[in-house]
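By written order: A, B, C and D. Residues from 1 in each chain.
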Amino acid sequence: MAKREYSYYPGCSSQDGASSSNLKRSIDTMCEVLDVKLNEIPDWNCCSASIGYGSGGVLPRMALSARNIALSEQHNAGQDIVATCAACWLATKEAAERFKEDENFFQEANTALAEANLKMTNQTPIRHMCEVLIEDIGYEALSEGVKKPLEGIKIAGYVGCQTNRPFGIAGESFENPMYLDKMVDSLGAEAIPTYEKKVQCCGGALAFSEPERSQEMIKGIIEAAYDNGADMIATPCPLCQANVEIYQDQINERFGTKFEMPVVYYSQLIDVAYGRSAEDAALDGQIIKAKKLDDIAAK
Amino acid sequence: MSDEKKFAAFICTGCGIGDRLDAKQLEMTATRDGKMQSCHSHEMLCSKEGVQLIRDQIDNEGANHIMIAACSRRAKVEAFNFTDVAMSRANLREGVIWSRPEGDEHQETTQEMADDYVRMACAEVRFMEVPQPSEEQGCVENILIVGGGVSGMTAALEAAAAGFNCHIVEKEGELGGWAAKWHKRIPYRAAPEGTPNTLTAHLPDPVDNDVADLIGQVEASDKISVHLNARVTRTSGAPGRFAADITTESGSTTTENFGAIVQASGWKPFDIDSLPEYGHQHPDVVTNVELEQMAREAGDGPIKRPSDGKEVKSVAFVQNAGQTSTKEGYLPYHSGIGDLISIKQAMYFKAQNGDDCDTTILYDNLRTPGAPGEDFYRAGQQKMVIFTKASVDQVAADGSGAKVKFKDKILDEDVELPVDLVVLDIGMVPNSGPDPYAANESLEGMSEEEQEAVKEELESETAVTVESILNLDYRQGTDLPQLKWGFTDSHFICFPYETRRTGIYAAGPVRRPMDIKQAQDDATGAAMKAVQAAVHAAHGEAVHPRVGDLSYPRFRKEGCTQCKRCTVECPFGAINEDEERYPLFNESRCRRCGTCMGACPVRVISFDNYSIDTVGQQIKNVDVPDEFEEKPRILVLACENDAYPALDQAAVSGQEISPWARVIPVRCLGSVSLSWVTDSMNNGFDGVIMMGCKRGDDYQCHFVRGSAMAAERMAKVGDTLSTLNLEPERVVVHEVAITDIERAPRLIKEMEDVVERVGLSPFKF
Amino acid sequence: MSDMNTAMVEKYRNDFLKEVEANVEEGQWVKMCMQCGVCSGSCPLGNAWAHPPQEIFMMIRAGKRDEVLKSDSMWMCTSCYNCIVRCPRELPITHIMHGLATYSKRLGLAPKTQPTSQFSEIFWNNMMKRGRVNELKLGLSLYFKDGFGQGIKNALANQKLGMSMMKAKRMSPAEFFGGHGIKDASGLQKMIKKAEEIELAKLKANT
Amino acid sequence: MTEVVATNETILVVGGGISGMTAALEAAETGKKVVLVEKRPYLGGRVSQLYKYFPKLCHPTCGQEINQRRAKMNPNLTILTMAEVTGLEGEPGNYTATVKLSPRYVNDNCTACGDCAKVVEAEFDNEYDYGMSKRKGAYLPHVMAHPMQYVLDPRIIGTDDAQKAKDACKYGAIDLDMQEQEINFPCGAVIWATGWQPYDAAKIQPYGYDRFENVVTNVEFERMADPKGPTGGKIVRPSDGKEAKNVAFIQCAGSRDRNHLLHCSRICCMASLKQTHYVVDAYDDAQVTIYYIDIRAIDRFEDFYQTVKAMENVSFVKSKVANIISDKDGNPICRGVDTEGYHRYENPHDLVVLATGMEPSVTKSDFPVDIVINREGFVEPDPANGGVFAAGSASDALDVNRSVQHATGAALKAIQVVNRVACVEG
């Protein structure tokens, strides 16, 4: 199989010492085992996520994405941009779409880009890593490479918002996407296709500014996972992962619950199923240990 | 064909009939009791060979009256389609073997049932004649169209395109009606294929008024004659031979003959002045009808405020003004198109007064249906027409301009909105003539004195306010009967052109409120029906629902007592009175329901293929066992349109029907003669069930009043029974729907229980 | 831009609607709302909204300029995009909410102490410095947004969380001193400045 | 082989639902030769699956009985069932139609005695009940079907069941060698009455029709109310058979929605008001909630709306339901905002009925002839359509009354064309 190459946009939270550095580590491992080469966009910048609007107008925000697109065109020409963070993917894709819809806007963005000596043509597809897995590799191929089926693990697939809306994965429903469940199945674990909170919002950036309200939503997400007998939650989104995992202590305090639900990335599942170590899978980055995954990795 | 009746019977032994029944005995019954001159059995009578067997008897042996004992008369109609003979059918399959359980213990009663049905069918056919068309028929390929608006003109053009001549009678001095006065019309088409759903996609705009074009086409047609400033002052005759007097303003009258009539008399705007809360007395509060005129007069320039001529910069549209309310003085219905009109008119302001003219539509439920409707809503929004869900309390003067007081239902607050102009969305009132039955309907449940008073009041009011449109010289009134609120609409959902005056079809907003597109569709349909009525009349055939029936009421004058019940009760106003005050039947107005026959106390009215005897003799030919056999007999007179099919379907779906029942289909319960009930009682029947269609406001009777008439007549049957010393519960009338597949057999079972309780009839001999 | 604040708005006139069309991201869509309420019902934080999106659209049409722009409702948007995908009229509601927030902030009408509004500003400033977000500083700025005392309290409340994040190497004290950033931060800043100029010029032209 | 006798004065009617039947009968009763082509094995179309009509609450079968009687008696009318028009060429007054006939495996000898169904074992989803019940592999589509003939499901052909059915028939009515055939015949004008189909409710993902058993469509609910239907006329929940007393209707389920159908389907408001009667008539303690954007009771129907509105146990909520979730007992919970004054709700119901809209049953690519349609796929009245005239809901989302009205007019349009042919040919 020829090595697949992509122009990689990891995003701020994936950097060393940042909240989803474990995502990046597990993605790196995953790409190794799947024979995918990621070429990081040199000098990529923040996309301003979906919170920059308070100070940034629409053009400044879109210009941020324009810069990344331009850099990718310049350095990784011909390669699809692939993001692992839902917000990064969404912001970049949304910008690209708007530039396409509105020629004027596109010109304005290029005018701003010129200040940084850049220029974009905006022809690059903006993709999510999950799209690469589903569309370029496929569930079957994914399943074929499994060395250690994740038997005996029941996993609630938590897709969240921005990986799912407004663009989502082609062919999937906004309300009940199945791809995460299919991935889980491909890896030999047990999916919970009826997990009713799979697209429930975790509060996103408002986890910081509206902690009480957000944590109430997060509580529902975890509760439903328990109700469905899940051993752990898996997600494609770094903000979802962080929000659902790291506030469990505070939620337990606030609501008197006794949550201790591991929340992992799909990439970590793949790493372990493909026979890689807990460290390669960045399971050491868990605040709540995913014991069943650790056990399989240790086997 | 010789006048001599030659009878042949045919018995099918297929579908298990031969297995379940003694066919030999049935043959004997047909020849011995049924007096058939020949009888043939066949194992599959509906097969080619079976049909040929019948055909041969007709063609070679001269059989002209045939009795077929096989399946229900509703089955294998195409196979047993012998239009040149009189035919009866005994229902041995659905009526007997499929509605009775198998088993030796049932064998005797099942065979008795079958024998009875054979006897009954034989008796029926013995008293039938082969229907011959009336000599009344005429063929006038000429359609009278009353009203020269869009509906009338469309009907004329469409009928003319099919080769018919038309006369349009218009009371005004020009064609076009209201629609000719409109500035523009609502688009009748949705966005074309391929239109994207984007914010700026081009969606249909109001369409230029094309009524002038329609008028041009009418004037150019050599098949259409137009009578302006004219009215129809008298209409007589019947489909195929209507004669109408067309009188112009100057007083000259011409008389023309017509095959059929389309009434497209249109509508008038609701008089909103009667409701002061809408402030119409103020110059800057106008109706949507008035606004059309204003917009038109403005050309493409800005629309001005009437009070001071200032260019209008803000408009509020008050939807449903005086409509959709049961409050006194309001219209209880909706114009259906008022919201589309307001969107269109708001667009006038955007186009003529500029984008800075603010237009607010205060609606309750926005009614923009279908694909064109919803696209037009979007088109209005694209142009920044503002839609506010509101209930409007009051429109008041506000210096120059006006103020609308309303509650914003979304924001849940009371608002006073000052605007330059208020446009009232007012309702449409049909231009109908006086309703022939207005008096009757309001009389129900009143004493005779009260009735007289109301009648007088109504008559005086009618004489003053409502002018006749058609001036029919019918015994039952001058105009088309109305459904409700003055609309001459059909009551039937499946049959929108079903009319109570044969050969006269209403079209356009006189039927129900509608826009130009729907009116044009409707007028085309009405023209279709008019053309068809003329064709049917030419052949002497009945129209819907007994299409093609050649029989018509025959009347034995010498027995008539001039009681007038037939002329009063005919649901279709088909019967006039002649100079000697005898009933005068107009065959092509008749729908062949037989209500006149049921009404006639002296039994002088009959049809060739349906008469007092064709049913009465069936009743008399049922073999009623003596009381010691303890086998009751229950007569079921079932409407052939609903109750009879319900019983058939009950059999098909495996329901049991009482072995004591003998079912006779009737054209309509209205045709049931009281004599059949008394005959059956005298013959020893233990109970009689009449199954007709639903009556009342939501009547389902295909002949409108037939079922109701029967119920009224039978309400008095208790007295008759009492004189015979019989319990009144032995005779019941039920409303049975075609879906009452379980209920219909149950009703018969209930009568069985009644008989069980009150005992067998003492009249068994 | 205080001149914009004094714009006279008549009730149920289109002035404010037109202002929104001109100045708010995707504002041209507001007129297309048919008040079905599916956006309001779909919002995960719906119960925190004094005025849900569909009501805000109606308020804009009714000319309720102050009530809309001073509202903290649109700051409750979690950017979950439920409303966008469900809206039967294709209104990009999330963006309109963001746009209204941006606009109200620009006019200085946004509620001063609204936490998301504050967070958003902190985030933007944090990001603008070096072109990438410094999570540690972002967190700290957030804790200390209401002053030093409250900051210490907040930090203590989240101490346990911070410790476990550091333990998992998902938070690094090193970030406090410099941390991640892009090479061409100044290019990025110039670019953003230009973009802001373009946008503000349009805003001015509209008033 | 089926043979059709036709000339270029013949009118071809495509679709045997209420519109097609009406157009065919009106033309035939005016003396024109008509060929009526219907895809299903019986006439009546969608209307035959309705329990009651609004606003009279009368039964569609009643009018169907009359129409079928008209059809049976009319010698001008040729009916082809299980037939589809696959080609149409020519010009007004001179078309050639190609019709594909699917094998019924049952010939006209069939007496509808039902012996074949008794012996066949295979069962399939009953399409007449939208799959809510089962039928045999040899079946009578429904008790009022016309033609009143059984059908063999093609899936049993070649199995023992087929032979058993054949052996059971005493009348030689089963012909297992029947093949699909294609026939051509001339016609002068065409009435396109292909009607509508319910929008696929599974596509409306927030309502979970594909996930929750107690979320049904209005057409399914119609079958449930029918005593001949899958529940014997009882309004019960599909999940557990429990009486469904607290019923919600969700309007515009798929209509007026850019994710689904852009158009308003016109009939759904009235249909739900009608179905509210079913619930209220069934249970004294019924509770009905109608979630709506605009109640579109058009013109004379207003009083039907007012009657339902006045019912104490019926509430109207101006709201498009945001989504449905299900609780542990299978109760669907409607979530959303009542926009009149802003009230959030989370209402549990026994059963939710989706008032799914109408979409044209023939898509652009399936028209055998180039025809002008709008972006919603409905046929527009356009001179470019030549001698092809739409009738009924092929032209817009129409109720029965307006469909019939429209079809009656379409009959005249077709007659005009063939009359012109007759004039020319003398």
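Everything that follows uses one rule, which is that a contact is a pair of C-beta atoms (placed from the backbone, for glycine too) under 8 Å apart; a residue touches a chain by one contact, two chains touch by 3 or more.
It should be emphasised that the depicted structure is a prediction, and the values quoted were computed from it without experimental measurement.
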{"item": "More contacts between chains, A-C or C-D", "value": "A-C"}
{"item": "Most central chain, Cα average position", "value": "D"}
{"item": "Between subunit D and subunit C, distance of the C-alpha-averaged centres to the nearest whole Å", "value": "50"}
{"item": "Centre-of-Cα separation between subunit B and subunit A, whole angstrom", "value": "65"}
{"item": "Rounded Å distance between subunit A and subunit C, as computed from the means of their C-alpha atoms", "value": "23"}
{"item": "Interchain centroid distance [CA atoms averaged], subunit A/subunit D, Å", "value": "46"}
{"item": "Multi-partner residues of subunit D (each touching 2 or more other chains)", "value": "206, 256, 258, 318, 323, 339, 342"}
{"item": "Interface hub residues of subunit C, defined as touching at least two other chains", "value": "34-35, 54-55, 82, 85-86, 89-90"}
{"item": "Per-residue multi-chain contacts in subunit B, two or more chains", "value": "197, 366, 389, 410"}
{"item": "Interchain pairs in contact, sorted by label", "value": "A-C, A-D, B-C, B-D, C-D"}
{"item": "Residues of subunit A defined as touching subunit D within the complex", "value": "173-176, 194, 196"}
{"item": "Subunit A-facing residues of subunit D, complex", "value": "205-206, 208, 210-211, 323, 325-326"}
{"item": "Residues of subunit B touching subunit C in the complex", "value": "197, 199, 314, 356, 358, 360, 366, 377-378, 381-382, 384, 386-389, 408, 410-411, 415, 417"}
{"item": "Subunit C-facing residues of subunit D, complex", "value": "206, 252, 256-259, 293, 318-323, 335-339, 342, 344"}
{"item": "Complex contact set, residues of subunit C against subunit A", "value": "25, 44-45, 48, 76, 78-82, 84-86, 94-95, 98-99, 101-102, 105-106, 110, 115-121, 123-125, 127, 131-133, 135, 139, 142, 160-161, 164-165, 167-172, 174-175, 179-180, 182-184, 187-188, 190-196, 198-200"}
